[in-house]
């Protein structure tokens, strides 16, 4: 029983990061149809800024966290303004924004490595390394922090999409961009918002993960892959899908690691195999709903 | 007869120039030159798949690795004679590319990129976990240059082989481009619905072009294996894939001369930059790619066209 | 009387609760120019797409020279000689103008892939032959002068002619025209009518879905009128204009003073 509860916390911890990454994709994907693969590197930047703010400048967490979120959100916003915006404005071929973001991915990664070096950097967990227990559930404090933050962010995201006017605007743009523009929705502002929000959430994911695995310029790739796989599993349309997909992915990973008789290094292949499987079998994901602009 | 000679002239001139360079360059420069030739061979097939057929295939470098590891494992580690090793590697490349292409044929744009990216990562994992068979994370190295048809694959003689493979790849892709299948590839890349309305089997076309180009990538890989007599998993990873992208996009995607220009530019850039900027060179490449996508979508070869037009120099390069 | 070239029998298509085609039957003979008209929502596009293979039917049969073709994917239908044009012209941007026409001949090319990779003499000869045909076809539709240009610089009307040339290159037995007169200027419409008439004369069957009656009624030898997914008239175009059911369908009331 205790084993099971620990598994739940563990799944929550892993799943939380993937869920945030998946949400970061979703926030950009919905109004623009663009898959911003660079969110993995944005997460890395979040982790690095976190190290700079918390470990080097010794700022309190309540200051550091918003700083990270704001900074990475800003970087993502600037990227959109300087690159993606131009391409959308001149009706460039549909792959161009994706390619430019791939190039940005490389730029972020190299910039991060240049500024912060290639060694693993320690990122201090805000509640230290203590283990806490909430009822039958025990785990590291960081795990609970991740679960808590993910829950809050997803609640906010759900409210945004379901209850606010901008959230509805995102939906409308995803369904029919021209009609949305005709209805008075400012496409340009919406896209800016989506990139800023996507970046902010990605930065948050990186910040939350870094105490567990340390901040390193290579941490972006796994986050990017798993985040997208989570999104695919859950259905590329919906906020709930991102969460469900992330939890399922994390669960599968933990179960395979614990019970499958294959070496841990092969377990690395699991998210990729799942991704391929879902791309081929269910390009719309498990909880598919609505149109996705491709 | 004269017409055949006139048609062959540009090829002979190009071959002669390449060979002359091979004979003139020595030591370090000869190494760079040979690497550039192999990279060019790889970039040509990628350009056809991505620039012409519009398939965003991140698996390309993996097939390059497949070719390299294939001949090394079979020809050197398993002591097969070179010719059957090459043949077997080609067969494996064709079979594996079919295995990748057939299930992914319905995927468009970025989703195909993602699927092929996942395949590429699986390939790298397989290489690293291959134990003694693949040499694991350290790869295979220090093997002697084998002989093929009596030619020992090393030194200047090997450079000639590399040039021959490059020219053959260029020629094959050019023939494809000029054929009705090449037109079909372009049509499918432009508008698959309209292509189907013309009787083109879209899935079959996509699969075939994937197989042909991936196999050509494997051929380039086979040549690579004996450059330094060293293969390791880190080579056939995302970094190389990004560089190939760079060459295609910056050089001018969709055109062979564009890609070749991109290869030359990147090689010269990396040589001149490495003393100045060192490990940050990739950052600069990234910036250049972004600038190219934003401001020169037709690549450097597009700029060359503009210059040629201004100077009144006639027909554009292929 | 020989078997019809194209025969539709009892074609049904429903989308959920909406029945777009409710038992449509008609035939088409070689060299015949058949018009398909009807008010908006009558099912013309549905029938068109069912023939072309873009839509799967709920029930019914389509026979091409006696061979059932319902359910075949679009490229297979095209390969059997039933070619469609697109209302919003769909040229291939990365191909030259001549190549755009040449792509129509895809199903006529027989060289195998290895032969293409090595550029065998037979492959070269086939290519040359088709290129000649393409140039001739461009002349036929009146685009001969524009042939060295870019597809991007063509006017809409020229683009329509390109679509037609492309269709002809596949040596079709039937060409399906999807509102070919839409977006054309009056002289372009007249030219197109002439071209379609010549196509019919050459033995190719033509099915034209159209709204423009001034264009269609003089051109078509026979006309089918659809309304609410059913065929309500099949016969001479001039009689169609007088047929009460047809007038009813277009005007919607019985008590119109004609």
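A, B and C are the chain letters, set down in written order, and residue numbers restart from 1 in every chain.
Here is the rule we go by: contacts are C-beta pairs under 8 Å (C-beta built on N, C-alpha and C of every residue); 3 or more make two chains touch, one makes a residue touch a chain.
Since we're looking at a predicted model, the values are computed, not measured.
A.B. asks: State which chain is most central when centres are taken as means of Cα atoms.
C.D. replies: Closest to the centre of all protein C-alpha atoms: chain B.
A.B. asks: Which one of the chains is farthest from subunit A, going by Cα centres?
C.D. replies: The most distant chain relative to subunit A turns out to be C.
A.B. asks: Measuring from the mean C-alpha position of subunit B to the mean C-alpha position of subunit C, what distance in angstrom results?
C.D. replies: 42
A.B. asks: Report the inter-chain centroid distance for subunit A and subunit B in whole angstrom, where each centroid is the mean of the CA atoms.
C.D. replies: Distance between chain centres, rounded to whole Å: 33 Å.
A.B. asks: Please report how many Å separate the Cα centroid of subunit A from that of subunit C, as a whole number.
C.D. replies: 49
A.B. asks: Subunit B touches which residues of subunit C in the complex?
C.D. replies: Interface residues on subunit C, with respect to subunit B: 52, 73-76, 78-79, 83-84, 86, 90, 92-95, 99, 102-107, 109, 111, 113, 116-119, 123, 127, 130, 166, 170.
A.B. asks: Which of the residues in subunit B come into contact with subunit C in the complex?
C.D. replies: Residues in contact with subunit C: 52, 172, 175-176, 178-184, 186-187, 189-191, 193-202, 208, 212, 254.
A.B. asks: Would you pull the subunit A residues touching subunit B in the complex into a rising list?
C.D. replies: Residue list for subunit A touching subunit B: 35, 83, 86-87, 92, 94-96, 98-100, 102-104, 106-107, 110-111, 113-114, 221, 225, 228, 263, 265-266, 268-269, 272-273, 275-276, 279-280, 283, 294.
A.B. asks: What does subunit B use to touch subunit A in their complex?
C.D. replies: Going through subunit B, the ones touching subunit A are 54, 56, 103-104, 106-111, 113-115, 118-119, 121-122, 125, 128-129, 238, 242, 245, 249, 279-280, 282-283, 285-287, 289-290, 293-294, 297.
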